[in-house]
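In what comes next, subunit A is part of two complexes: it sits with subunit B in the first one and with subunit C in the second one.
Here is the complex of A and B:
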């Protein structure tokens, strides 16, 4: 039924993680022999419970390269190319996508999934997107103009909490964890983490709640003995202030609708005098399985907070000479996680909120998606089966049963449910657009681009604005306020390059959706034929419409 | 990193799904795979990755070209070698913590072994019979019937995937159904909750408090007012509007009174909150929660099973049973006594949803629920002791911790027990009365089959997909007569020839194909007559479709059903989630799924 015809199909597998490993194995075992794999990540211990192409000896190596070599051992006749790169890199441009019969995407982050989705819409290459969380998962085909794309539905943005809840009246464990994370970023994070940080009082800032780099500096990567003594004192002061003094002040000015906070120092009385602690006597909790799930005592938490504050201060000062070189909190940073665990637990005690284990704190701060081998196996299998049906059955879309969105449910009556994919959303910011592929060299001036390409080639009439969507949305040009834009500057000076997507909005009303996209795709330079564009008149133009 | 730390890191992502308890249950399980087909190997792979502590593969076959074509976990070098050994060697590396003696290959015919030394199979927690004809499956079904061994059958037949499970009695501590069972006790608050609500009645509130009142408290008070006015605590669908109107007026009037009598020396009024209040909206969205919550059917059924058990065994506690089951029934007996002592109410769960509220009120409400959940669990703990016998020296045979009882009692609406019927193949040698009822149930599900295959599936009733059970049974009968599956060219390898792969053995010629279709049609007809199924099955194109599958496995379908089997194994071994009961049939081409009790 399905066979030799699959050997020559070229498949691009984005992500060699849980779903990627399953998809690659199932593709190869089903007869596919032309595979391209991309994954930026390296293999981590926590992958080994499901990513079966990898073993302990591969830890630290590239997922893409290792999966390639493991597959080649089993299928020596396969042609496999692997990239340890970010799929958003400009080298994975339109021409790159167009060489494939299908793209399979098994990623866990929304941003990259959206990028791959957009590239598939622009290039017209079919995409099958797979995803899992715990015991549930889904596999969904995206065919430009025929089915819903990834952007047709809005994907939940991370939850934001009201500043006053975080600062003054937490009621849930997560509020305390967010607070602890903010405290970490304020003191140990890079400068950008201080913007919109609810704990940053700016001008009024207590001298304690400031980035550690404003307190002291390492000289040649060494923190002096005197500074170390000060940092230890500072750790105790931050502890005292955050969990006791500041809250006592708060309790005094409290409106009666707010819960009285319990100062930690009052609770600690008799059990521990923090001022007597020294770096030699004060140890942190360990990261072991038992510790991960344990409920720690108040003195243990207090010591852990002070110890990790001190260790982090020294580590940040020695490893990151200036605040600019620091990085945001990372869930795999064990020391930072201990700090956040201790800080959030102490705050939970302040407000009489249920405490989370270190294990759960990690899940909450790290946005960790639970993952199980069996679910990936099912989704990987469904994805490849959908692909085989798509590639082997002629005019498949006439029979809408062939395309299924499959979801697995952990405790539902039916283990798998299949349905015909939804129609594209006409309001979709991605697939409802018409895309023009522009091969102009971006060295042309903005004026030239507007006059000869937009008004000339695309024959756009009336008012319009242009914007660039990467890295963040910004306006490039607006015909109603032409004088405000640097018309003589080249497009490249304005941030347009090969693979840039320029959005053209033909309506002056900014609330209405963009009407088309212009994708810059430069001809690949070849020795014989060099592209030189002068004067900005397009030499060749391909237009692709969504319908 | 110590071994223990390494282990916790490796299994971190999945422990987040089922918890450390379930993980240790897996690590103490011994799983047996009968016949290392592609689907069975895929299932075993997921189980080994997940950390199952021991596994045995029983397979008398050697690795063939056909295996290379559809099974990822064999390679060229394995050709001609024991399939059991090859699979074990390739899979064992996927559990870093596996003791070498716990990865066992048995190069023997599984059925011969079952007949000569059945005790060999008694040590397993779970037996997976994979892509075996139903005569082999029937033997294992009979073997497992009176044991505590879980049996899962997985079959990949062309584009079909079939999974069937059996376990004598499945005790489920937390079904994790979504949405979870909840009773906020609005219609019948316990004393402390009632006291809290009374202290927060609208007439007792300051102006700024009205908008900060959790809807749950507001609704308890509104329901009291309703009862005063109507003499009843129920609100019919038609009365909802009236109830909302009453509450709105009440809240508004009390708010205005409070504004008028506001004492300016206590500070300015906070006009952030003025009517209409959001809490009333939230309350009206939850209006269905104002009704008295009945005991879930699953719980009633559970208590009935408990009674039957007591009548049968004259006791709740059975020292012969596995400890997990002992605990389950002792806790269930305590739960029954709790419900009796508490007017038909289940213990309280401490979880309340997020709602518009001041942190003070929300905190008080949460503490009221938490305290009650603790008190109820404490009562449950005391009730368990009546069911735990003591040893000669007076020590209890089972020690219950508060934590364990708390976990059970706060999930009380989501505990249940399933009793499975033996796996139905339609090729059973002896017919029981119970099976006759099952056949007629199957006949109803399948109904009449139209001639055209696509007509049948475009109707899209998932029950129809059960039609593959008699069709695959007929193919098995065909195989017994011809020593090959319909559509398969040569006899020989029982379950390994695949149509999907360039390396598979040849399929039959066109004339032979038509002959196989007719032969199979006759068998289907006999079978349908015998079991009371519609004869239209035999005349339909589905027979031809079955011959096209030629008994082979497709890797992608094997991967899917293999994953499904592993998921079911996790549910059954962990005693969490709602497992399949008892049959799953997946047809990969149209993507149609049947899940039901056969």
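Here is the complex of A and C:
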């Protein structure tokens, strides 16, 4: 049936979602019995259509723990450890990675993938990265020094829109949606969401474009009748200002050759007088299937904007009485989404841009890539095939490995296209570096570290600089400007700790500096005690973790 | 962590230190712990000599992201300037800072700062960013000039 030698191989599965569930099921069914699962997430009702380890009764529980217990029911002889944690946590250090024969990654974001990729490169543990987006996907093996790693190619970054595009000259539906989201964040969002808000005019803001908390306050969570009247009036004023008054001003100052915006009030003439609306007569659209795909009329959109602005104001003031307790925009928040939908549609009408349905607006604001169960299954299966292949070949070469791309489109005659993985990119910021494992205690001073470790142990000559990327990219030291850096401070005072990666860039005459990584890995105080929990234990102990 | 952004910004810093025009400054912001924030630069642009901005030195924050240099930095005057193409928030509206327009990864910090300096004396009236400065610039140039000169005198070089 299966290769008995696989039973004892230890596999770390990162992510127990769409791909992870498939990987775990296939691993167990293929005979793997030593699995470690990590996933930060809990199970949501929307996962159930494709993450087949989970059932209705699991909603709200940890993906990692539930997948572990479900697998144990079927494979009671398996040894499975589960963590409901962020894989970037320092406890998942070098020693942690080194206990595994391979890592399989099924993640949905670039940032965490980069982290796992880097840990695998530093520890030398093979990685197989699975990824899907709708009907396409891939399985990619990463073997240090033999194949390209995740960072060897540049990954498309999300587009940032220029302030002027968003504020003054939108040309695509997405510009209007970004604008609507910024308007939402400015008035209802937490301060951190407005760090780079294009609509934020700071102290010079017009009195209408300020956070709702600055306007009025709820006493003991109750908004007074008078405040309600004011808030309703305010909703109408914001509507008038955003979609008409401001744009008229814009039109006046613009060059004649620029596109003139169409003020909504002019278009509404005769159909609706917004000043006569009241909370009793003005309804928002409903969140139904039909409404999701409908093309709404201008009066419907106007009413929805005013109504949702008012409802959001009341909700924020009663439930999140200060700006510090406010919550980020959530695509599953129907009220907030209705606001974004109405605001972006009105703005699209202003600028004569194609309008999106509520359904597509939700996909755009939520950056939702449709998840397809069969793509996940194919990719999950491929990662395990690849794993079995390189565990059964002694010291696999590049040509033994397969980088497989899946395309499940009808027009495509080949479901899979496999090729040998590409060579490592010699300029890769991650796998081209040499990594030094440093077991010095970070209480050492910066000066001592530079003199004895870098100049001494590593025998680095000439000018160089040191930086760390956690929590933000910071320069610790630059030998050309030595006096500007805190030489007497300890490395720990500068934020260096166990598991910190310090990057050293040597300056040379060429444009590309020679770099290496210094990974702080403190000796473990006591030999690590590992508790492996197997299926035979009582249920309450099943969620036990190591340590 | 993007290695490209890091090495490029390190090089930009060295290059700028060695070569910049008189009156300009720019370097990663010093943090309280003594390290410096490579993604946030504190810069200064001198008012061009002979212009209404002469005598002032305008502080500007340049914010980079992991995606630099494929994406441009965000440039923000603090405090904001009474200029038609500067938003009330201080954000600079300039085509070379727009990835959909004229941004190119080869543009250096030095070039960006000089480009913004040039914008001070050559406002682009087809793309106004603040109402008050735009109106005075167009309708009452004397008033615009007076505001600029006053602003310059209030922002002497550090």
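We take it that the second predicted complex is superposed on the first by the 481 of 547 C-alpha atoms of A that agree within 3 Å, B and C clash if a C-alpha of one lies under 4 Å from a C-alpha of the other, contacts with A are read in each partner's own complex, and residues count from 1 in each chain.
Assume contacts are C-beta pairs under 8 Å (C-beta built on N, C-alpha and C of every residue); 3 or more make two chains touch, one makes a residue touch a chain.
Just so it is clear, the model here is predicted, and its values are computed rather than measured.
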item: Three-chain arrangement built on subunit A, subunit B and subunit C clash or fit; value: fit
item: Which of subunit B and subunit C A:81 touches, first, second, both or neither; value: neither
item: Touched partner set for A:385, first subunit B, second subunit C, both or neither; value: first
item: Touched partner set for A:222, first subunit B, second subunit C, both or neither; value: neither
item: Partner chain in contact with A:55 - subunit B first, subunit C second, else both or neither; value: first
item: First, second, both or neither for A:170, with subunit B first and subunit C second; value: first
item: Chain touching more of subunit A, residue-wise (subunit B, subunit C); value: B
item: Partner chain(s) touched by A:295 [first = subunit B, second = subunit C, both, neither]; value: neither
item: Touching partner for A:375 - first (subunit B), second (subunit C), both, neither; value: first
item: Touching partner for A:469 - first (subunit B), second (subunit C), both, neither; value: second
item: First, second, both or neither for A:497, with subunit B first and subunit C second; value: neither
item: Superposition-derived minimum Cα distance between subunit C and subunit B (Å); value: 8
item: Interface residues of subunit A shared between complexes with subunit B and subunit C; value: 165, 169, 255, 257-258
item: Parts of subunit B lying in touch with subunit A, wherever the complex brings them together; value: 2, 4-17, 20, 38, 42, 45-46, 49-51, 69-72, 75, 93-94, 96, 158-159, 175-178, 208-209, 212, 267, 354, 358-363, 366-367, 370, 454, 457-458, 460, 462, 499-502, 548, 554-560, 562-564, 566-567, 570, 577-578, 580, 584, 586, 588-593, 595
item: Touching residues on subunit A, where the partner in the complex is subunit C; value: 114, 118, 151, 154, 157, 159-165, 167-169, 196, 198, 200-202, 204-205, 249, 253-255, 257-258, 428-430, 465, 467, 469, 472-476, 480, 484-486, 489, 493-495, 503, 505, 507, 511-513, 515
item: Complex contacts: residues of subunit C adjacent to subunit A; value: 1-7, 9-11, 14, 28, 30-31, 33-39, 63, 65-67, 70-71, 74, 80, 87-91, 93, 97-101, 125-131, 134-135, 138
item: Footprint of subunit B on subunit A - complex, ascending; value: 1-4, 22, 25-26, 28-31, 45-46, 48-50, 52, 55-56, 73-74, 134-135, 165, 169-172, 255-259, 287-289, 292-293, 351-352, 354, 359, 363, 368-382, 384-385, 388-389, 399, 401-402, 404, 406, 408, 410-418
